[in-house]
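In the two complexes below, subunit A is the common chain; its partner is subunit B in one and subunit C in the other.
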Partner chain A sequence: MPFKLLAQLAWRNLGRHRRRNGMLLAAIAVAVAGVVLLNTMLRGMEGEVREVVLDNLTGHVKVLRSGYLADPGIRHGFELPADWQAGLDAEALRGWAARLRVPTVVMSERETRGAQLVGVDPAREGISFIGRASVVGEPLAGAQDRRLLMGRALAEQLRTAVGRRVVLVTQAADGRAREVGYRVAGVYESDFAGLEKVFVFTGAAALQETLGTTFVTEVSVRLSDAADERQQGALADTLGAAFAGLDVLGWQQLEPQAAVIVEMADFGVFIYFAVVMGALVFGLVNAMATAVMERVREMGMLRALGMRPAAVVAQVMVECSLVMALGVALGLGLALAVFAPFADGIDLGAFDLDKSLAQMGMRANFVPLMTAADVVLVAVLSVALGAVASLYPAVRAVRVPPLAALTGGRFGAAGQRRKAARTDDAAANSAVDD
Partner chain B sequence: MTEVGDVVACRALRRTFETDAVPVHALRGVDFDLAAGEWVSLAGPSGSGKSTLLHLVGGLDRPTGGDVAVDGVSLAALSNAALSDLRLRKIGFVFQAYNLVPVLSALENVEFILQLQGVAAAERRRRAKDALDALGLGDMAGRRPGELSGGQQQRVAIARAIVTEPVLLLADEPTANLDTGTTVELLDVLRDLNRSRGVTILTATHDPAVMSYTTRRVNLRDGGIATE
Partner chain C sequence: MPSPIPMTAVQAPRTPPPRRAALAVAALALLSVPCHAEVDARALLEGALDLTRGLSSHMRMTMTIHRPDWERRITIEAWTRGREDALIRFTAPPKDAGTATLKKGERMWTFTPKLKREILLPASMLSQSWAGSDFSYNDLARTDKYLRHYAFAITDTVVDADGRAVHTLELTPHDDAPVVWGKEVMVLRADHVMLRQTFYDQARLPVKEMRTLAIGELGGRVMPLRMRMADVDDQSRWTEIHYLQADFEAAVDDAMFTTFALRGGR
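Right, the complex of A and B next:
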């Protein structure tokens, strides 16, 4: 049977019960829009959590000496090989940074706090939050800079400020405690007070000199924004070869809690899709089964005229899929209309959610993310579900015998009983003609 | 034996409906032939078996015993799909309730069956128009069934039935829903088809007007042929 004929019948049949079909289309549209919008929210959350983790001095892949995570200090540092970058695919990289990161105690004239002292080359920190942080005072001038860059929250705790001096105590390479005075060059601000309290920065070369070492404690490498997990795996392999004997860890291993949140976002979308579309499918099945049973005589007529059972199944499936496809198209339009005003971000700080979000590693300005792949996936899955949902009404339709066209829809056991009763009565009184 | 020229041959045809109480024997071993070019009316009271015989001849129902052959093809061994094909290519149906597809125009309803046959678009459009013209509905081709009177709808149904040039036209109470004037008009159309085109017609009816038009009348009673 020509598909064109099936499509024509399906399209025309949509107009037969406009109110019912309109409500069905609206239900599908709202469900699809809900799934797509929730998807954008969860994808946005996923992207946000990943971005914050990558920004947080982690990068996609980090090289560490074994034992550093349990006992971070210069004892677990390593020498940077001269040719370690040889195998890297420069085009896939956003950048890299070698750092010297040690625990320290920061003392002002009024307060004392524990922190992480990080020796950096400012020119390489475009891959982390500190490279883009706003600074009151002056940023570090280079790897030789002996001044200190301190977070605003820590500065407030220490009750110190730009231009003043603080003393840092840390352990040098020889194992002795080293007490060094630093002038606060600048106070940085980040989206998270936790970062401001933990990290203080100085020049990497200057810190190496202070601690009496040529070691670094970590190399952080960040891929370009378009990179995927496959490229991260390739990067880890390359670094593993370049830094034999050292640990090469992905951000998922370094920040497992964030990795779980990202994985849960995928799972959450799937669960929501399954629940919403599952409920919708039952509605669709019910509506289509009702439509089929309302057209028993017509189905019987089609069978009587010579439409094959497979063509009847195809007709119902095309009709059902068309309803779903139209609903999906409307739903995607609705989702786009709702999404567009928030595409640049939603200020959740206005709802007093900024602290809760910060605990989840997210910033208050939340940017939902709609990807073509997700939209296509939702659309394809929805239409496929529609086709599956049509099987039950299609089977009911194909069970309509051609005789239904002649008996006004009475068929099956009940119909035959009625017919038999009539036949019986008539046989008993065959002279009576109606 | 099927005679040469027989369009329908029924032999020892039986149909029993199993009910919860007792089996109902709608046909009890009917032998019936229909020659090419005939117009036969099946008459008889309700429950006499005329509709059951019509259904069996049309391949819409399967007999409990015996056999039906249409245009030399025994229906007993045919699958449901093969029966569908046979109905599509050899039999035209005219139903009591017209049974047009309500979302299609008159022309599309007639074209529809040609589409099922896989006839090319231009040819089916021409044949459908010719069929409607022949039944005096050329200017109503674009109307949907809901915009046509009962008589007009039944004419469209006849156009749909004959457009495929079937060997047999089955009509189940074709005038039951029509007034007297429209009934006469419709019967004139059927007689013209029978006489001028040689269409073989089998009609189940209660209507004496229909019986007066047919070339042969078969009376059924209690599931058997009473008189011819």
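Right, the complex of A and C next:
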């Protein structure tokens, strides 16, 4: 039986119950749209968390001396070889930065706070949040700058301001404490008060001089946004070769919590799908089973005319898949329509959620993310699920003996069989009469 | 540049003591060659810093910490050696007795009998509140940091009721100095007794102020006996130190400055 005919039959059959099938379509559309939209939120969160972590002075891969994480300080630093960049894949690379990061105590006239003093080369910090942060006052002029860049939240806590002097106490390379007066060059703003409280920046070369060292404590390398795990692995291998004896860690190892959120996002689409579409599929099966039972006589007739059982199964499956495909198309349209106004981001700050969001490592402007791969995945899975779900009504349809179907039972295969047994002769006679 | 000394300082009493005369000469010199005042201010400051310090010393004092809703008084015994080393032990009340702080060079430990172990404190603790008081260790220790990190000048000189000159010394930290204050103003008597010290923030607003409440003779020196450090914005928060006994030429055993001694061993 040609597919075209099957499709035609299926299409016609759908048209016979406009209201019922319309409801079914609507249910499928809403479910598909729901799954797709929920997924854009999850993807948005994933992207957000990843971006924030990469931005947060972590980068994709970081080189540290072993022991630094347990006891951060300049004595766990290392010398930066001049030619280390040799093997880097320039295409996938967004940038790199070598930094000194040491714990410090910041004192103002009125308050004292613990923080991390980070020596940076501002020209290299395009790869981290500080390179793009808005600054009141002046940003650091270069690696030689002896002034300080401080977060707004910390400046508020210390009750200090641009142009004032603060005193930082930190441990120098010789192990002795060093008290240094710093002018506040500028106050930076970040999306997270937490970051503003933790990091104070100064010129890397100036800090090396202050601490009496030629070491750095970390090299952070950031790949382009399109880079995948494979490229990150290749980068880690290259760095491992360049920095023998040092730890080369991916951001997933440095920020395991964020890595879990990102992993969850990959898996989350299946959970949503299983829950929402799982519920929907019962509705679909029910509707198709009803449709099939209504058409028992018709099926019997088609069988009697010589339609193969496989063709009957195919017809029901095509019908079901058609409903599903239409529903998916509608659902995707709906999802796109809902998504479009929020594609640039949802300002969650308006709901006064900034603080709780920041705790989860998210910014106030939440950008949902719709990826083609996810949309295709949902569409394909839905149609496949529709096809699988149609098997049951299709098998029911094909199990009705044509003779029984024609004599008019409408109570399913078992009932048909009982009825058929009782009226075997009569049925046979009438079939002969036809 | 230091401002000229007011005429009252020069015209003062009829029979000036020798020191006073010297000052008058210095002050006159100052009017013509201002840089001489720097020398004088330095001598004044050094004298004040050395007043409560000896090569080795042994002192007993009480410290009263006052807050709006509580007050506590601690009795303290302290030994010092040179300019850097000190052992300070609380002897009363019983709750605090035995708690001790040892400073040796740039390192500082504290010992709490309840924990039975000494803890190495980060050096930043030196400029923070000490034992919950309004003093930092550096406030008490009268270190050389004033001479190293500040530019100082006499801005005013008056004569008190006893005919002694009283100088106002303004100390401005150097630009890169590890000092949080915008400036400090000390009021010093000619005999190096500090009457008042005010700490200003960098907007030139006073933050905290130490006043000398009683002056007397102790250990053969005329020195402030009772000093109160108070928050300028909130006068209900203050800490008072009262020197009870001082010996500036005490024979202090080197064994005092060990963690063994910190634990209370002799």
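For this structure, a couple of remarks:
The rule is short, and it goes like this: the second predicted complex is superposed on the first by the 405 of 434 C-alpha atoms of A that agree within 3 Å, B and C clash if a C-alpha of one lies under 4 Å from a C-alpha of the other, contacts with A are read in each partner's own complex, and residues count from 1 in each chain.
Criterion: a residue touches a chain if its C-beta (ideal position, glycine included) is under 8 Å from a C-beta of that chain, and two chains touch if they have at least 3 such contacts.
Here the structure is a predicted model, which means the values were calculated and not measured.
With both structures placed on the common chain, the touch criterion links A:Arg152 to neither subunit B nor subunit C.
Judged by the touch definition given at the top, the superposed model places A:Glu298 against subunit B, while subunit C stays out of reach.
Measured by the number of subunit A residues touched, the leading partner among subunit B and subunit C is B. When the two structures are aligned on the shared chain, A:Pro402 is found in touch with subunit B, with no touch to subunit C. In the superposed pair of complexes, A:His60 makes contact with neither subunit B nor subunit C. Legend: residue contacts after superposition of the two complexes on their common chain; A:Arg222 is shown touching neither subunit B nor subunit C. Shared contact residues of subunit A with subunit B and subunit C: none.
Within the complex, the subunit C residues that touch subunit A are 106, 122-124, 127-128, 173-182, 199, 201-202, 207.
Residues of subunit A touching subunit C in their complex: 105, 107-110, 112, 146, 160, 164-167, 169, 176-177, 179-181, 183. For subunit A in complex with subunit B, the touching residues are 1-2, 5, 9, 12-13, 15-16, 297-298, 301-311, 401-403, 405-406, 408, 416-417, 419-427, 430-434.
Against subunit A, the residues of subunit B that register as touching in their complex are 17-20, 22, 24, 26, 45-48, 51, 54-55, 58-61, 80-81, 84-89, 93, 95-97, 99, 101-104, 112-113, 115-118, 160, 172, 206, 221-223.
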